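Think of it as A, B and C in the order they're written, each chain with its own count starting at 1.
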Amino acid sequence: MRRLDLNLFVLLLGAAILWVAPAGFGNYGLYVLSLWLVTAVAAMGLNLTLGYAGQVSLAQAAFLGLGAYATALMTAKLGLPWWLAFCASGLLCFAIGIGLGVPALRVQHHYLAFVTLAFATVVYLVARNEQWLTGGVYGLANIPRPAVLGDKLNGNLPFYRFVLAVALGLALVQWWILRSPWGRAFQALRENPLRAASLGVDVRLYTLLAFALGAAYGGFAGALYAPLVEFIDPAPFALSQSLMLLLMVIAGGAGYFLSPFLGALVGVALPEWLRFTGGAYLLFFAGAVMVLLVVSPQGLMGLADRAVQLVRERRRRPEPAAAPQPSEVR
Amino acid sequence: MSPVLAVENLTRRFGGLTAVDDVSLAVRPGEILGVIGPNGSGKSTLFNCILGQLKPSSGRVRLDGEDVTGLAPTALNRRGVSRTFQLLQVFPNLTVRENLILAGQEHRGSLLSRLAGPRDAGLSSEAERMTAFFRLSHLADAKAGRLSYGQQKLLDAAMAFMAGPRLVLLDEPAGGVNPTMLGTLRDRLKALNAEAGATFVVIEHNMDFVMALCTRLVVLAEGRVIAEGEPASVRADKAVIDAYLGH
Amino acid sequence: MTEFLQLVLAGLATGAIYALAAIGFTLVWQTSQTINFAQGEFVMLPAILVLALVRFAGWPLPAAIAAAALLFVVIFGFGFKRIVVDPMIRHGVLPLAIATMALAILMREGAKDGFSAEAQAFPSLVPTGAVTLFGASLSLRDLSILAVACLAVLALHLFLGHTRTGRMMQATAQNPDVARILGVPVERMILLTFAINAALAVVASLLVSPIYLAKFSNGETIGLAAFIAAIVGGFNQVRGALVGGLLVGLVDNLSAAYVSASYRTAVPLALLVMVILLKPEGLLGRREERAV
C-alpha cells in the first residue's frame, strides 16, 4: 500500500512533465501522445479486471467501441455536450459489465473470458451491420471536439492537454479505489479467494465490481477516442484489438498501478518503431510477449520490481559469504 | 443454555465411503470444544460440512437455532462464524495491520462506505488492540510473508477474531508451531475465552495442546462419535485408546 | 423440405468439424488445465502448411498433406506442450491462457505474412456432387465430411475406452494425482493428448478448408465455435464436446438461412448465453462441487 503512495507521486510528476513537454510537438506527435493516453485509460480498466480480479476480459476494445459510438452519436447526431456523453459512455459500459458478469461469474473456469469473447463479436457485428445507427463500414464522421468553458478545443495541443487532464482524473479515481477497502478486497481475492471468502469478502461481488469498473474505463476511453480521431468505424473495436489490449496489460505487468501506461506505450509506440518490418509488427509483438511471459509473468513492471529487490538484497548483505563453504573445498 | 452451534445427525458420503456418519454435537456458549480422532476419522470433512465448503448428504447444522446447512462460507462468516485453515492462510503481500483490517472490513458499514469512507474502515484501533493482544505490535507494518511461521499462525488466529465472532473454528492451529510460540498461542486463546467469552471448536492432533486448552472433547473414529466429555475422562476412555492404538 | 434437409446436413457437417476442434480443446483442458485460445488457429494452420508446401516446394498434394500433418503434430502437439505449456503452467492457468492468445496472434500473423493475406482455394479431399436420398438431393461432400469426422470421433472413442493407453489417458484426465499413484505415466499421457489434439486439428483443417477456403483469419470463427461447443456440451466431457459441436453447427447453418446471414455468428452466441444462464455445467456436464 505504501507503494501506492509512491505511485501517486510518479503519476503527478509524470502528468506535470507531459503537460509542459510537448509544447513544440507537431500534430502527429501530439496525436500519438493522445492516442497513448486514451489506450492507457482502456488498459487501466483491463488492469483492474485482469490484474486485480484475475479475470480475463476479451471485450475491452468492444467497451471502447461502445463508448466511442455512444459519444459520437450523442455529440455529433444529437448535439449534446461531451461531458454528458462521457458520463453516459462509462455508465453504459458499467451496466453492461454487470449484465455480462452476473451470469458468467456464477460458473467456474474463466467463463467470463468466453462470455466477453462472445460479446466482443456481437458488438463488432452490430457496429458493422446496423448502418442506420453506426454507419456500418462507412463509420461515423465529423465527431466534434469537446468544449471547455465555451471554447471548443480545435487545436491539437489544447485537446491533448484535455485528454491528459481527463486521463489523470481517471487515474486518480482508480488510485483512490485501490487504496480504499475495496482495493484491499481486490488484492485479497487475487491472492487467495478461498481465505478471502472465509473472512466475509464476497468474492463474486468484488470480482463483478472490478470487471464492471474495468468495462466503465473502456467506455471512458471510448469517449476520449471518438473526438480524438473524429471518425470511427468498426475496425479498431474488433476482437483482435481486445487481444492487443490484453497483451499490453500483460506486457506492462498486470496488477501494477502504473503498468497500463507502460503497456500502452509499448502497444502504441511499437508499430511506429517496427515500421521497417512492414505489417509484421504484430508478429514481433506477440512473440515478444510470449517470451516476456515465460521470463516474467508480471511483465515489465515485474522485471523492474525484481531488479529493485535484487539490488536491495545486495545492499543489505554487502559481502555474500566471502569464505568458501566447506563442501566446496576440495 | 441453548447451544451456539448444533450439528444434528450429519452424514457425508463420498461415493461408497461414509466419511461422516450420523454425527450430532452441540457447542455451548463460552466453551472450548476439541474435536479429536485418528487420521481419516472424518474431522476435516465434518468441519467442511459445518463451514459450507461441502454439502452434507443428510443432517442439519444450526447456528443459534437457525438452520444454516449448506450456507456459503461468506454468508456464514457474515453471521459471525470465523475460521482458520489447516494450512497457513494469511495474505503475504499485505502488512500485518492490513491483514487484520481486511478480516474485519466486510463487517463494517455498507459497500459504498467501504469505497468512499476511510482507508482503514475505522478498524485501526481494533487492529492495534489485536496486534498487542497477540504480541505482534512490533511487526504491525511488516508484510505478513516476512513473519516467521509461528508468528503467521498467531496472525491467522488474530484475523479470526477481528469481526467479533460468535464462534471460531480452528483447524489444527498448533500444526508446525514451535513449543514457545505454541505456549503463546494457547495462552492467548485461553485469555480470549476467559476475558471475552469467545467460543471455540478446535481440531487438533497435538494432544498436549488439546488437553491444556479444551474444556470438553468429542472423539471421532471412522466418522462416528465414539466418546465425549471432560479431557481427563476422555483420556481414560477404553474406546478412545483402542481407536488411537488401532486394532 | 428438401432445402431444410440440405441445411440440416450442411449444419451437421460443419458441426462435426467444430466438434473435432472442441474435443481436442476439452481433452487438453482436462489433462493439463490448458485453455487453448489458439484452438481456432490450430485448425486454420495445417491447410496453409499444405498449400505452402505445394507452392514453395512444389510437392504433390498427397505428400504435402502427409508432411504438413507430421510437421504440425510435432510442432503444435509436442512442441506446443514443451515450449509453451510446460514453462507457463508453473505460473498458473491464467498466464498460460494468455500465452495461448499470444500464440494465436503469432500463428495468424505468421500465416498472413509468411503465406498470404488472401483466401486460397483448397482442393476437396472428399467426393463432391449430390446423391438422392429419401427423395432429397443431398450434398455428397457434406455426407462425406460427416462420415470422416464421425469415424475420427469413433476411433478416438474406441481408443480411449478400449485400449490400455486410452484408459490411462482417461485416468489422467479425471485425476492426475491418483493416476500418478496408480503408476500411470502421467507426463507421457498428457503429451499424447496434445498430439491427439494436433491430429484432430489437422483432420478438421483438411475438412473445413475446401468449404471456407484457407485463410489466416479463419481461426477466429472456428475457435469461437469450438469454445461455444465445448461449453454448451459441458466443459469436462468429450461426449459433450461432440454434441455441442453438432448443435452449434446446426444452429449456425439454420440461422444463416432463416434468421440473418449478417448475424450468423451471433446466433450460436445466444445458445451459449442460454446454456450459461440455464444449465451452466453444460448439456452433458456434471455439476462440480465447491472444493476445499
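FYI, a contact is a pair of C-beta atoms (placed from the backbone, for glycine too) under 8 Å apart; a residue touches a chain by one contact, two chains touch by 3 or more.
Owing to the predicted nature of the structure, the values given are computational and were not obtained by experimental measurement.
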Chain nearest the global centroid, as defined over all protein CA atoms shown: A
Centroid comparison with chain C (C-alpha atoms), farthest chain: B
Whole-Å gap separating chain A and chain B, where each centre is the average of the chain's CA atoms: 41
Whole-Å gap between the CA centroids of chain B and chain C: 48
Chain A and chain C, separation of their C-alpha mean positions in angstrom: 32
Contacts with 2+ other chains: residues of chain C: 292
Multi-partner residues of chain A (at least 2 other chains): 194
Touching residues (chain side chain B, partner chain A) in the complex: 51, 72-74, 77-78, 82-83, 85, 89-95, 98, 101-103, 105-107, 111, 114-117, 119, 121, 159, 163
Residue numbers on chain C that touch chain A, as the complex places them: 35, 84, 87-88, 91-95, 97-99, 101-106, 109-110, 112-113, 220, 224, 227-228, 231, 235, 262-263, 265-266, 269, 272-273, 276-277, 280-281, 288, 292
Of chain A, residues touching chain C in the complex: 54, 56, 103-104, 106-111, 113-115, 117-118, 121-122, 125, 128-129, 194, 239-240, 243, 246-247, 250, 278-280, 282-283, 285-287, 289-290, 293-294, 297
Complex contacts: residues of chain A adjacent to chain B: 1, 177, 179-182, 184-185, 187-188, 191-192, 194-203, 205
